[in-house]
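Everything below concerns the one structure shown next.
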Amino acid sequence: MSTKPKLAVFKFASCDGCQLTLLDAEDELLDIAGALDIACFLEASSRVVPGPYDVALVEGSITTPHDAERIREVRRQSKYLVAIGACATAGGIQALRNWADSQEFLAAVYARPDYIETLATSTALADHVTVDFELRGCPINRGQLVEVIAALVAGRRPRTPNHGVCLDCKRRGTVCISVARGVPCLGPVTQSGCGAICPAYDRGCYGCHGPAPQANVASLAEHWVRSGAGPAQLVPLLRNFNGFTPEFRRVSDELAARLAATE
Amino acid sequence: MTAPLSPTVGNPWLCHTVRIAAITPEISGVATYDFEFTDPDAANRYQFRPGQFNMLYLPGVGEAAISLSAHPAARRRWSHTIRVAGNVTQALAQLGTGGVLGLRGPFGSSWPIDDCRGRDVILVAGGIGLAPLRPVVYRLLAERSHFGQLTLLHGARSPGGLLYTREHATWNAGGVAVQTTVDRTAADWNGNVGTAVVLLDRLPLPRPENTVLLTCGPDVMMHFTARAALQRGLPASQLWISAERNMQCAVGLCGHCQLGPEFVCQDGPVFRYDRIAPFFRVEGL
Amino acid sequence: MSEFRTIRVEAISRVEGEGALHIRLRGGQVEQVQLRIYEPPRFFEALLRGRPLEEVPDITARICGICPVAYQMTAVHALEAALGVAPPPAIRQLRRLLYCGEWIESHTLHIHFLHAPDFLGYDSGIEMAADHPREVHRGLRLKKHGNQLLEVLGGRAIHPINVAVGGFHRAPRREELAALIPDFEWCLDAAVEMTQWVAGFDFPAFQRPYEMVALVHPDEYPFNEGDVASSSGFRIPVAEYERQFEEQHVSHSTALQSQQKSSDKPYLVGPLARMQLNRERLMPTARRLADEIGFAAMSNNPYTSIVARALEVVHAVEEALSILKTYRPTQPAKIACPHRAGEGCAATEAPRGLIYHRYRVNEAGAVEFAKIVPPTSQNQRQIEDDLRELLPGILAEPDDRLARLCERLVRNYDPCISCSTHFLKLHWDRA
Amino acid sequence: MPDLLLQKGDLQLLFDRLSGDGFRLVGPTVSQEAIVYDEIASVGDLPRGWTDVQAPGSYRLEPRSDEAFFGYVVGPHSWKKYLFPPLATLLTADRTDSGWAMHAPPEPTEKYAFIGVRACELAAIKVQDRVFLEGAYVDPIYKARRDRCFIVAVNCTQAAATCFCTSMNTGPRCQAGFDLALTELSAAFIVEAGSDSGRQVCGQLPLREATPAERAAAEAARAQAVAGISKRLETEGIRDLLLTNLEHPRWADVAARCLSCANCTMVCPTCFCSSVGEVTDLKGDHVERQRQWDSCFNVDFSRMNGGVVRNDVRSRYRQWLTHKLASWIDQFGQSGCVGCGRCITWCPVAIDLTEEVAALREPGP
């Protein structure tokens, strides 16, 4: 038996992008496979070693009664559980159903809605079990994933910065798209991790890594409203891959209420 | 090609390498490490003053500011007493004797031992805060006759948090009266219960105007210590605290450790209380 | 009960996403074959309603992290059709370049990590690396350069951020793309070697009379444009896709499956179908190589899809190189797309096959209706059909080996199960 | 040395001279809908015919009616990105049999000529000189870059609505700290040399002495900038004002608006905060110790064992403003603000430090 830490990768409702990130770490992949025993990673290997596992990387949100059970089992099997990606840390894009009438959603997609077994909500893993570490992003950043794995192998706390996107944006010399072009940008209230790519590609940040700590979303939204952007524009921007996080949700709900009042 | 460095003061980012010569477990999660320089020249040049600190560097993990707890006259080997707090201290605790790491220093201001001459001296230490005061104790003991009444008030959360207890008897015998106290008592504890400030309140102060107080510990503890001392008539100019802030460069270039107008790394960590008080008192500064 | 034999693969590994296989035999006859997709429903078609149409490429990308570009490309083309605008050739070319990146990335992932281990007898590409380091390192590097292309042009490899209705948010700078040329020159040689390597594998003898469906285009190997054509001879504009094909809920199955409306028959999409219908339009090196290795014009053996994929990597690298070498930034990177009420559809070629989107938008620029048909749901019936054909010949095998052989057949299709946008409840047969 | 005159058509000769001396030219260019500092090859790269229109929280690039090369004010970049790079390697460490081998990174080989440095920016460079070169410790990265740079300053002939250099005594006239200073007229530049290397370069250019009329025109052009400045920061007693009002209610008021996004500190030409991080391979055998720009607005900036010191926006904004305008004076003998207005323009929600200071002058309720 190997004494290397046992790593497992699990998937819930998701697009697979976050677990693919591990296979996208082309330069490090074989080293990772050398440092860890990849005991369960269905996307990459037919070999499945039963639990318990030292580290579980868990992608996806909880959307079915069966998955709500399964995540508890994953928790029982895993010493250190890392939620990877917006689905797992915030419910993901599929959490948009949380604002909708789920029956109506079903009827819109499926001819036989009665055949569908699903929960009315899409929720983060932390709403169901204790999560030891959350790696944010839709998708997660490859460098950050490698850092998390390296830290776990070395037995230290991962170094994933907590500041906003603006800092990275300025470090790379990008001109503020919001100030120079009046484009609504979530950068000031979004946690860094992506490398501030959107403004560098001439578009506003749309919040892949979720709210930055102590994000003052209300002030940013107020500023846009004052500058002429309507709630109709701002609500979808906030209700996105991380829309169900409390910080984004609170402000989008306020704006939506305002919108409803004017209609 | 870059030439291997000879550590100099020229580039403040350069490290000496040091080897762990000995590890002495102190209390749970705390150990004293003796370091030796791998380069004998560096060892010959190295000197520090009580209260100063080094930056200890574990490549790949990071740096941490750690006070010298060594004898100020130490040569060739210098000790640090370190509590496992986070990444660096944890990784350090995993290195055994012979482990090699980087060291920059010494940095910062020092305790005003010369000001203490001819005066009564009170040291107030909370938990690991005794580490930077130990060199002071050694100096006071070494030059005992130059000082008046000497007292060390040492508080910890629990009896298991009292530091250097095996040395207390020697210190007492040498003329530094050690009093200990704990916040939370335990079964086999029949000493004082309460904070070090309570001990200070009870301490007879024959000549407060001629007494110096040096304190190191959590901010709140130093706060109440200073308040109590002032109430007892010690002048603010004879109170000294040692502050702790996030430090990345230790040489006033990174901005992290600011406390009002002070850079804790170079203007401190040891401050005269009247200088720092207006800022030290403000929450979140 | 003894006359029943049930073979279950609870979680098919080395496919993208998670699915299960359930086969029931009765008295030596195959009674039921079900490819079960237990990806929980994510309701993309419903949650798109009411969203600004500009967000559609960002949102639909999240259907699948393995081929987000396919979703983005199909979405922007369908929306441009709805708005009645058509980006100029320079933008089309950048879109082809982006697709090249995704094909290289996705195909090399499938070849080295999911598919080749089956031929060489390993559980994973990582294990295979111990004995075949050269091939795996070459594959990883090819994959990495595919990702780099996506990163430069799209901002990042998974869920690129630069794709917009009307074009790109920002055109790459010339130097950014030119910097990739040396690596892509290496890639071309590497892709040729890789193709020769996989062409030498042992392919099980297994032929099927496939009806192959792919986009065809008069002058290009198809990515984003063309008619929908089939090996049986029909050729229709994309706008008629839904008249030809339908998604159905068949009683024995658990997921929506596509089939031909007229005949009720399954069909095959993906690299074999594209090769079959477009081989003439491969780039020169890829075409020459296809002849050299004797890749028959009509390969009806699904196991050879690995070769088709490899040849498509050669093509994608070659086409990418030619674009990289001649690229000049286009201005503007994005054409104006004024809102109007309208409806539009588009089909493009995802790495794993044809993908179709249709949207209706209103004059305020919001999506009113969305329909998304991913490649895997189209191949699903064909996979089951193949299994039904395979099983009688291998029934003597013990259960675990039989299950492995079936799983292996499924992997030929590179199914991307998370891209199944629809899902129906499972009824587990415990017979 | 008298004021000299350089024909506009000869500006390229200056650039050629500097390139010939081994300098890489960096100067204003138009990119990302703003005027930013970047490497330039020729006068063709300059933002000729462009200007900027600035207001709190807003910047717009607009065409000018004339063909001025330097007819704008200051943009989002400052020269600190060349002298104090946003990312720099401090040290590398490689594991050896006996421990670690640590090396300083090689010194940069390139030297830069900065084209178009404004008076407030000269002042900002002086401020950072105090921080990085004139304290107890010298920062080797800053020093290596600063020692090798050549500065071509340009006097402002217009001002933005966000400028207040006159309040900070830093401009708009370039007084010192340059090798050459230009004042742009319609057909020529008036050139002043401010150093020996500047005078040497002048000697190699086709210059002639400026006529009194030309000098007067330059004076008038510069006066337009002074006249254009509308913003004011009252600096009288500012150190004590801020440091004795640490509990003023205005801090909570501004905290409700401030995003704590760090933009102001990033664009500020004097802010110098940084953090150090480790970059390693997976095995941890090769390590680079890297320094990156950081900001007092980040939560983790003041994190220590036991918690975060400045754990709300109020305390972080207070840190920024009091450091910049008050405690900087204790630390470095001068204000940390040069009045360039960048933090006002580039604040995404239009917070204006001059307004905040004015409000702090009002006693709290």
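We call the chains A, B, C and D, going by the order they appear; numbering starts again at 1 in every chain.
In this text, contacts are C-beta pairs under 8 Å (C-beta built on N, C-alpha and C of every residue); 3 or more make two chains touch, one makes a residue touch a chain.
No experiment lies behind these values; they were computed from the predicted model shown.
*Asks:* By raw count of C-beta pairs in contact, what's the busiest chain pair here?
*Replies:* A-C
*Asks:* Where the centres are mean C-alpha positions, what is the separation of chain A from chain D, in Å?
*Replies:* The computed centroid separation for chain A versus chain D comes out at 37 Å.
*Asks:* With chain centres taken as the means of their Cα atoms, state the distance from chain C to chain D in Å.
*Replies:* 51
*Asks:* Provide the C-alpha centroid distance between chain B and chain C, rounded to the nearest whole angstrom.
*Replies:* Chain B and chain C have C-alpha centres separated by 64 Å.
*Asks:* CA centre of chain A versus CA centre of chain B: separation in Å?
*Replies:* Distance between chain centres: 43 Å.
*Asks:* Taking each residue of chain D in turn, which ones touch at least two of the other chains?
*Replies:* 277-278, 280, 284, 294, 312
*Asks:* Going by the contact rule already set, what residues in chain A reach two or more other chains?
*Replies:* Those would be 154, 202.
*Asks:* Counting only residues that touch at least two other chains, what does the list for chain B look like?
*Replies:* Counting only residues that touch two or more other chains, chain B contributes 60-61, 86.
*Asks:* Can you give me every chain pair that touches, using the contact definition above?
*Replies:* A-B, A-C, A-D, B-D
*Asks:* For the complex, give me every residue of chain A touching chain D.
*Replies:* 28, 31-32, 35, 146, 149-150, 153-154, 159, 161-164, 166-167, 170-182, 185, 187-189, 202, 213-216, 219-220, 222-223
*Asks:* Which residues of chain B touch chain A in their complex?
*Replies:* Residues of chain B touching chain A: 60-61, 86-87, 90-91, 94.
*Asks:* Okay, in this complex, where on chain B does chain D touch?
*Replies:* It is residues 1-5, 9-15, 17, 19, 38, 59-63, 85-86, 100-102, 218, 244-246, 248-249, 251-256, 258, 260-261, 263, 266, 278, 282-285 of chain B that touch chain D.
*Asks:* How about chain A: which of its residues touch chain C in the complex?
*Replies:* It comes out as residues 11-21, 23-24, 26-27, 29-30, 33, 38, 41-48, 63-64, 67, 92-94, 96-97, 100, 104-106, 108-112, 115-118, 122, 138-139, 142, 194, 197-198, 200-203, 206, 208, 233, 236, 240-241.
*Asks:* Which stretch or stretches of chain A touch chain B in the complex?
*Replies:* 154-157
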